[in-house]
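Both of the next two complexes hold chain A, though its partner changes from chain B to chain C.
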Partner chain A sequence: MIRLIRRNAWVAGLCVLFILLAVTTKLIQPDYGAGDFGSLMRAVLPYAFAVAAQTVVVIAGGIDLSVAAMMAVTSVTAAAMMNGASESHALFVVPFVLALGLCLGALNGFLIVWTRVPDIVVTLSTLFVFQGVALLILDAPGGGAAEWLKGLVVGTVPIPFLPESVTAWIPKALIVLVICLAVVWIPLRRSQLGLSIYAIGSSELAAFRSGVSVARTKIAAYAIGGLFAAMGGLSLTLSTGIGAPIPGPYLLASVAAVVLGGVALGGGKGGLLGPIIAVIVLRLVRTDLTLLAVDPNATTIIEGLIMVIVVMLGAFLAMRGRTR
Partner chain B sequence: MLETTGAKKPVTTNPILDATGVAKNYGAVAALRNASLSVLPGEVHALMGANGAGKSTLVKILTGAVRPSGGRIQIRGETREFSSPGAARRAGLVPVYQEPSLIPDLDIASNLRLTRTPVEPFAEWVRELGVNDLSLGATARDVPLAIQRVLDLARALAAEPHVLLLDEMTAALPADLAERVVDVVRRQSAAGRSVIFISHRFVEIAAMCDRATVLRDGETVGVLKIETGVEERIVELMLGAKIEKARGVTHGARSTATVAGPPRVAVRNLAVGKLQDVSFELANGEVAGVVALEGQGQDELFEALAGARKPSAGTIEVDGAAVRFAHPADAIRAGLALVPGDRSEALLMHRSVRENIALPFSAPFRRWGPIALRKERATVTAAIERLQIDTRAQREVQRLSGGNQQKVTIARWIAAETRTILCFDPTRGIDVRTKREIYRLLRELAGQGFSVLYYTSELEEVQHVCDRAIVIFGGRVVDVLPVEIADEAALTRAAYGLPRQSEVAP
Partner chain C sequence: MSVTAAGAEAVPLGKRIRRFMSDRPLVPLVILLVLLVVALQILRPGIVNERWIANTVKFAIPLAILAGCQTMTMLTGGIDLSVSTVATMAAFIVSTQAVEHGPVIGVALALLPAVLIGLANGIGVGIFRVHPLIMTLGTSLVGIGCLQVYQRTVIATGTKVPAFLSWLGTGVTGGFPNALLLFIPVASLILFVLNRTGFGRLLYAVGDNERAARLSGVVYWKVILALYVGSSLLAGVAGLLYVGLIKAPSLSLADPLLLPSVAAAVVGGTSIFGGRGGYTGTILGALILTVLTTLLTILQMPEGARRILFGLIVLLVTAAYLRIVEDR
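After this line comes the complex of A and B, so read on.
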């Protein structure tokens, strides 16, 4: 048990931070309830998927600046396809959009491998390309979403053997998030591909020499990133009921949560849980600051400070742990 | 010939690996012209050549890291083309590279899973190679470098390759581990496996190799059977001209007049890292050797002297005055500069030879204004000429051979007129010819009053360059041997903390 905590010290630290923030929230706003938590989770959903997309790519030693743009493309695609269509049509739309995300991500990866242009440049240019594509599909927010899909992220579900006072705190949005991430991440983590992603992020040369196909692994990592981005795009359409062609603030938020989540920007280190908790923490901080009626312009300053302090503190503790 | 079964192992004349006419061009530069290598089953085959002869290129081609521009590679009579290290591995050719190739952020178990190496045989080989306390859960980054190399070898052995390729396997290993490696390799060949062994250490080659292929300027210039006295022939082939026997070459330059006054550097009761209480002096015009087994604190000693690490106790004196280095710049200002064994720690790999040599001139932060280019150029050119640096590929230091890179590091400090050079295993993985040039250069410098502290993991070097050998063991200086008696045997005994054998009258 101690060993488990030690190995996941960063995640444990984030959990503590989350609990502290939750307590603070309750103190600031004594009537903060399950409903508020539900809407927080709904707001977190697109951020969390953006973070997941970024995490996979960063672990593989890359960076994806086109995350938010991919979300915009997939969001408007879904909204445009479902606009006025039947409820059952959505059953076809969802896999199509996910596949689209996978392809966009793979395109990023392929361009990086094939042109040998640095990832940051390639994904910066695809950022602009995808932005344009999104506007071509829908030149203004619009489209629609199937009702049953919208219902997926609203409210709670009764879980057998759990009293309602507990299930009230488990919003559907959280369940959807956990399932979507787990379905991709857990098999990946246990596969040779997952291992290879960590390997190329840690040391491309050593991975190459160990017989890993660096090019293929990199493309796969970006493709999985694209898949998560598509989930994020879908979640945007679901929670608003329309598609938004202008990318939201998800790119920088995703990088911030990746850093705060204990994933080394150099690659090879970290997991998915840390960044996901980190993004919830960052959202919760924002909620608290809003509740405290802090000037919204000051909020970003405080968020920035929190990030720097947490990362410094983490590095400091890790250093002390090593010398001991 | 028909396949005849010998008494112990099957003897066939069909080579298991046969590479002929292999060529590789990088743009206009031909790294390999016409290399061939033929390895018989059950043979330990040495691949030798001076730096820049094309050894590493041939290795990269054989292991699938680089595609050849021409030639043919056959494994068991079948022509194969390796498009990746993975393909070479599947064909039964498993390499152990000069630098560890474990993924630093993965634990050992995951590293094994990555290459689909079975754990049981791996663990067995690890024990066999003399490492007993390995945890599979340890992150590769946290494992000492020497052990990582052993793990690399164990991983390669566990894959049961037809041909095992060892590139400078023993270079970074302490003596005891190196011995184990030699032992295991010998047994591998007895079991019918083939090994390609790349090393600069004749002792090891003589101990275990059957034949040697010698490369020079990208061509195979000879295949020799290893027997007594073959060393001279190999060196001859490598250099393409007869050269004098190494031993004693440099002795003529020795015994410079001792300079009066305080010693250049004096270390008193120094404690840093594993070192507890180290004292010695380095005179002007002296080359003092430092000898120690792996991990006795020699790294920390050199880092402390170079200002990269703060000692926890004791003093360092330069020219009789106590100094305290807060930064390597302080040490450099006091005239102490480090030449590390790993060239990449000293050089700006993507910059030119000139910039690398000129770096100390332009580095001082407080010096504003334009760089005095003309003066710089003159100094740099003089240093390049003096060290006979091969400047054909001078636009990027990383394209030079290892030996030439090391020369650039030394040239930098000569150009900066640094009076004390701290050489930490400077000849690691460098060919014989360049090694000798470096020995000669250091002796020359000593003759001009420079002082050199010289740590080496190759004990025979001590008698080539040093005036005496300071032996460190268990955190202390256990002995100081005059060069006359500092042969490998005496140094080994001392390095293990054993007392000197009854002194033999000179």
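After this line comes the complex of A and C, so read on.
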């Protein structure tokens, strides 16, 4: 047990932080209930998927600046295709959009491998390209979403053998998030591809010399990132009912949460759980500050300061760990 | 693709050109710039005149200064994403404070947050060894928040761009934009520091091989601290110039310049991994991007198509440039 905690010290620390924040929330707002938690999770959903997308890419030793733009493209595509279409039509739209995200991500990876231009520069250029594509599909927020899809993230679902007071605290949005991430991440983590992704992240040369196809693994990592981004785009369309062609603040949030979640920016270290908890913590901080009636502008300062201080602390601890 | 070693006598023309270009990496950039201007002239005959050139230079200068910040930080393997926030802060503060306190104090007040953010970046990156991308993103978030709070305290005074800044930003004297008065010394300073001083050498050394630099006695954190403070100061100066050019201070004034400033440095041949590049290429990169933007505006395409083309061209130029410079 102690070994387990020590090996996941960072994630454990985040969990403690989360619990502390949850208690604080309850203290400053005694009425904070299951419904508020549900809306928090709905707000977290697109952020969490953006973070997942960034995490996979960062573990593979890259960075994806086009996450938010990919989410915009997939969101407007979904919204434009579902606009005025029948409810069952959405059954085709969802897989199509997910495949689109996979392709966009794979395109990023392919360009990086093929042009040999650094990841940052390639994804910076595709950021412009994807923004442009999103604007061409919908030049203003619009479109629609199928009702059953929208219902997917609202409310709770009864779980057998659990009293209603417990299920009320498990909103559908959380279940959707956990299922979507687990379906992709758990098989990946256990497969050869997952191992290769960690390998090229920690040392591309060593991975190459041990027979890992660096190019193929990198493309796969970016493609999975694209898949998560497409889920994020879909969740955006679901929670708002429309598609917005202008990318939201997800890029910055995703990079911040990845680092807060204990994933090294150099690659090869960390998991998916840490960043996801980190993004929930960041959103909860925002909720708390709103509940405390702090000036919303000052909220930005506090968020930035938290990010800077935590990252500095993490880097400092890592440095002490190395020298010892 | 594979270039094998050939005999000295029978070198084909293509390879000779390539070798020439890889020896002088600025030549392809100049050629590209000329090609873009020619394309512009063909599409809209008569547009390339004295006024257009002055205008292009005017818009390229703030971008070139910001790209200078990126160039210097990239040489050490870093990046400074707080430049747009610093520039916006400087611009906003000068246009609210200079009315009351006069230009000198106004400018000093405007550059104060630049120094503070630079110090924070330098301490984070140099001493705590935080990744520059994260550190500068974080400080830029804090900066934006502070600016928003500040804006509410001065909402009554309103904003006014000082006359000397609009003269510097938009004025043209004898065919030359006044902004050159600021840019030529700044650019010469950057070039001098990078090419002729020990500090410049240290930047290249740290970016090329940090361990080796450290073992040969370079005090890493001092170099990084000085670098990020300098970069922030430059960004503040660029912000002052930009507000004189745009004449409408807002809280997102310099944001559209952030990604192009990275792109300009990269197009100009500075390696994002550090140790290779220079400021001359970056200036050319900034000019290329400015002309490219004009070209795309003139083609009267929808906004979406313009962004797509911009992204594709940046990628294409960088990739082609890497091929030319690295394939020997």
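We adopt the following convention: the second predicted complex is superposed on the first by the 311 of 324 C-alpha atoms of A that agree within 3 Å, B and C clash if a C-alpha of one lies under 4 Å from a C-alpha of the other, contacts with A are read in each partner's own complex, and residues count from 1 in each chain.
In the analysis below, a contact is a pair of C-beta atoms (placed from the backbone, for glycine too) under 8 Å apart; a residue touches a chain by one contact, two chains touch by 3 or more.
Just so it is clear, the structure is predicted and the values come from calculations on it, not from any experiment.
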If you stack the two complexes on chain A, which partner ends up touching A:A207: first (chain B), second (chain C), both, or neither? first
In the overlaid three-chain picture, which partner chain does A:G268 touch, first (chain B) or second (chain C), both, or neither? first
One more residue to check, A:G132. First (chain B), second (chain C), both or neither? second
Using the touch definition from the top, say if A:I63 reaches chain B (first), chain C (second), both or neither. second
Contacts of A:V122 with chain B and chain C, given as first, second, both or neither: second
Tell me which partner A:V184 touches in the superposition: chain B (first), chain C (second), both or neither. neither
First, second, both or neither for A:Y198, with chain B first and chain C second: first
Specify the partner with more touching residues on chain A, choosing between chain B and chain C. C
So in the complex, which bits of chain C are touching chain A? 79, 120, 124, 128-131, 133-135, 137-146, 148-149, 151-152, 259, 262-263, 266, 271-273, 302-312, 314-315, 318-319, 322
Which of the residues in chain A end up touching chain B in this complex? 192, 195-196, 198-199, 201-203, 205-213, 264, 268-269
Mind pulling up the chain A residues that touch chain C in the complex? 63, 111, 115-118, 120-122, 124-129, 131-137, 139, 252, 255-256, 259, 265, 295, 297-305, 307-308, 311-312, 315-316, 318-319
So in the complex, the part of chain B that touches chain A is made up of which residues? 63, 65, 84-86, 89, 95, 97, 100-106, 110-111, 113-115
